[in-house]
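The structures come next, written out as structure tokens.
What follows is a pair of complexes built around chain A, which joins chain B in one and chain C in the other.
On to the complex of A and B.
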């Protein structure tokens, strides 16, 4: 009886600890983001208030200023948003096409030095953006594509291709070879067999690769901050710095832009989150 | 069908071309310029060959070594803590029976944040004047405003916190996926045979999770330099170079001091560092795969 009771107590305690632990972890994950969202709706006076004000009031001032064009500091948010969308979407599209063809080559063909090529490609992805930005800055300036959409798109395509190859390679490998062989016997060319049979099966993998490519381009800062100079090509991560002056920072405005930046990524990820996890694990474990 | 150029080569061609144009050629150029005293302000310096003097200079410069050591220390602490926290979180979430999907979705939250955004977010939260942390501390009765980003040690802590906040979820999610994929039988058999929970974790769960851990490590190691964004916005390497990492030192040398040749030499050191990390984890990954019989 006594032992039973002790055992039960211990179990209850473990359960409590488990709950508390999870609660703590989840709060640490959520609070920073929520704090940013909350502060994007608070007037600047309240953000700066000393002693701190804990029951927040609500205002849309920061959003109004942000979308009103020449608001506080006149940060041209619309241009940044547009640049970000154009650059991320285009580079993702191209990177997925190139990466898919590469991934297919690795998954379906045998050739000597395959794993060498593979690791070699990955190593190019590992080159730190800052280290790459130094020579790219000079080369792009010479070629005259600095501060253009084209230049940044080119860079992001190159950045995303290796990882896309990794992910799609894993997915194509899941598909049995018999599938496209059967299609070819039925009179398809290899090209048709790919688009009509193999691509639909691997679609979720391609989708997850596309999301990763998109997030990388959407969020990239180290290269974009050096390769863009003007309103015509600055992306949002670079634009975020417009809110900081030497000693004053427009916290509310920055929060509003941060919310604008995170929203598309958030929505996109929610839509495809199942594929995302599958993509990462298949690509890696079975690859 | 023509047999001269193999199909796989045609398929890989676009990838090779893009990478060669955007990564390889600039890297070759930067390798060359790291042997010159190239300064952005004086283009003619590009044609003076000074041999390995740049490398000699950085290798004898204590500022460089301080940044280098700090970077290694930073990565070691960050990666280890991320792994431990990720493992802990995954085990906890795996135990949950209700609302697991929601928890998993919440876990993915930090993955979507741009590093620059994470840096800004924590710059705000750790701000000594208006930040959340100090506001809470003050409301709880402590009257000293802790200088989170101004004091060297506290700033390093804040940056580490931001880095770990951002990257732990990669580990947690991948390890969680591993836990889902794990067969139940060996664990039950171990229980019947009288293993303690610790023993069955150590000898059954952990070995099975190893490939997943190495995938997470490999994915992480491809992106170690992301910390640059965080440091750049949070402290810019300050105060007085106390949080200077290899990457911020490099960008300061290159863009602020315009000493491109010297900066490129540093760049090569950082590239080698990244490559070493990646190769190390790739090796581990294929070894772990082979052990589980998952290799192709």
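On to the complex of A and C.
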């Protein structure tokens, strides 16, 4: 009886600790985001107030100003949004196509130097992007693709392909090779077998790879800030810099733009989250 | 008419040769089982017939047409895989109809073909389920349904029952045999289980190390094995083999000095002093009055029983003869105690003499 009680108490205590731990971790992850959202609705004086104002007032001034003309502290939000969408979607599409083909080749075919190529691709990921910014800047300037959508798309494709290959390789590896063999016996060409059988089965994996590639491109700042300069090509993260002046930073405006930047990524992630979870736990639950 | 002919078929993986020049003729409508221990090249051979594996040498023809360089889809075959290889994103109906959809057959034809296959295999209730929601036996049936739906020339089965439990395996074995009787196509079936081979095959092809060891009906392989490998691989329990030397009186002296008479058929073909293996099946050695009849040539051996396994209609007895563990069968069994000594009778005409060096059987010239 006493031992049962002791066990029960211990289990309750562990459950409580577990909860507290989760709460702490989630706070660390969520509070900065929450802070951004809250501050985008507060007047600048309150953001900067010391001691902090605990009972904040609500204002849409920052959003109004942001969408307002150049004289009222506005920034070309729609241009930045458009640039971000074009660059992220295109680079994700290309990176997934190339990465998926690469992943499939690594998973299914034997060729000489296979592991060498694979390790090489992964090593490429180890190079910090910023270290490449200067050489890229010079090469792009010479070639004449600096400050263009194309230039940034090229960079993001190069950044995302190795990771996409690595991720999709894992998914295709988990699909038994008998599936495409069965499809070929059933009358498919190798190409049909891929699109009708293996691709649909690996769909979750490809969706995960796509969302990762999209988020990387969507959020990337370091290279974009070097390689873009005009309204015609600046992405949202670079656009945030518009709120910094020589001596001041418009925190409220910056937060408002940041919220606009977070929203599409958040919505997209929610839409594909079923795939994302299925994709990342693929194999563990296969019947 | 769909015969399958293999002539001097070779498979090499780099330096390693997996299949060494196989010749085999499979008749139309025949059920042929390729059997052998793992790594003997049976699956590779099947995959070469299917077109899933390149042929390094020789010729494979299906229905008189050389198919060496044809892709699987042009060979008009279907295959059932060990892990079923059902398409996980399609329901049973879509799985069954997939090949017909690929062939762009009219919808009405697909529906009737799918329904027909479903009726043959009793899948009507499961048509809208995904493979993940099926049991092992049901998946197996869907895989078979997918194979029969397109009326192929040849069915290929690659160890289709190895993922099932023992009871289901027996049940599915019967279903496969029934299916063959119903559709009558040529079937090539790969397994490592000699019981499956014995029960299913019209002809068994026994392979080892990339070579064909013996081809024949199940009873031919059982009753007339060409060497000790066939003798021990086919039949359960495996054939008892005792080492010995041929004496001047045409008997075999076992290593403990005991002598066993040589059966009449190879009696004139052995040489005194020749080292041989004396082989007989458990069924052909039984305690006097419990199985082996007195007709024909017999020999009596006194055996001390180490262990007995009562199986109901018969009891399997384990004894040691000339330092070798042997098994014999007792029909109409009575209780046996360990350590009991029994006189057992050996049916000599069912015994085999193998050359100890070459392991080949010695028969009359």
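In this text, the second predicted complex is superposed on the first by the 242 of 287 C-alpha atoms of A that agree within 3 Å, B and C clash if a C-alpha of one lies under 4 Å from a C-alpha of the other, contacts with A are read in each partner's own complex, and residues count from 1 in each chain.
Everything that follows uses one rule, which is that contacts are C-beta pairs under 8 Å (C-beta built on N, C-alpha and C of every residue); 3 or more make two chains touch, one makes a residue touch a chain.
The shown structure was predicted, so the numbers you read here are calculated from the model rather than taken from an experiment.
Engineer: So, on chain A, is it clash or fit between chain B and chain C?
Structural biologist: Aligned through their shared chain, the two binders fit side by side on chain A.
Engineer: With both complexes overlaid on chain A, does A:258 touch chain B (first), chain C (second), both or neither?
Structural biologist: first
Engineer: Have a look and say if chain B or chain C is in touch with more residues of chain A.
Structural biologist: Touching more of chain A: B.
Engineer: With both complexes overlaid on chain A, does A:105 touch chain B (first), chain C (second), both or neither?
Structural biologist: first
Engineer: Contact-wise, after the overlay, does A:187 reach chain B, chain C, both or neither (first, second, both, neither)?
Structural biologist: In the superposed model, A:187 contacts chain C only, not chain B.
Engineer: Going by the contact rule set out at the top, does A:195 touch chain B (first), chain C (second), both, or neither?
Structural biologist: neither
Engineer: Look at A:178 in the shared chain and tell me whether it touches chain B only, chain C only, both, or neither; answer first, second, both or neither.
Structural biologist: In the superposition, A:178 touches chain C alone.
Engineer: Once the shared chain is lined up, is A:121 touching chain B (first), chain C (second), both, or neither of them?
Structural biologist: In the superposition, A:121 touches chain B alone.
Engineer: Hey, in the superposed model, what angle do you get at chain A between chain B and chain C, Cα centres, nearest 10 degrees?
Structural biologist: 90
Engineer: Check the residue A:135 against both partner chains and state whether it touches chain B (first), chain C (second), both, or neither.
Structural biologist: first
Engineer: Report, in whole Å, the shortest distance between any C-alpha atom of chain B and any C-alpha atom of chain C after the two complexes are superposed.
Structural biologist: 10
Engineer: Which chain A residues come up in both lists, the one for chain B and the one for chain C?
Structural biologist: The answer is residues 286-287 of chain A.
Engineer: In the complex of these two chains, what residues of chain C are touching chain A?
Structural biologist: Per the touch definition, chain C meets chain A at residues 50-52, 71-73, 77-79, 81-83, 85, 87-89, 98-99, 102-103, 131-133, 146, 150.
Engineer: Give the list of chain B residues in touch with chain A in this complex.
Structural biologist: 6-9, 11-12, 14-15, 18-19, 21-27, 29-30, 33, 40, 88-89, 92-93, 95-96, 103-117, 120-122, 124-125, 129-130, 132, 135, 138-139, 165, 169, 173-174, 177-178, 181, 211-212, 215, 218-219, 221-222, 224-225, 228-229, 232-233, 247, 250-251, 254-255, 260, 263-264, 266-268, 270-271, 274-275, 277-279, 282, 285, 289, 294, 296
Engineer: Which stretch or stretches of chain A touch chain B in the complex?
Structural biologist: Touch residues, chain A against chain B: 18, 21-22, 25-26, 28-33, 35-36, 39, 47-48, 50-52, 54, 97-99, 101-102, 104-106, 108-109, 111, 117, 119, 121-136, 138-139, 154-155, 157-159, 161-163, 165, 173, 215, 218-222, 226, 237, 240-241, 251, 254-255, 258, 261-262, 265-266, 269-270, 273, 276-277, 280-281, 284-287.
Engineer: Going by the contact rule set out above, which residues of chain A touch chain C in the complex?
Structural biologist: Touching chain C: residues 176, 178-179, 181-189, 192, 196-197, 200-201, 203, 286-287 of chain A.
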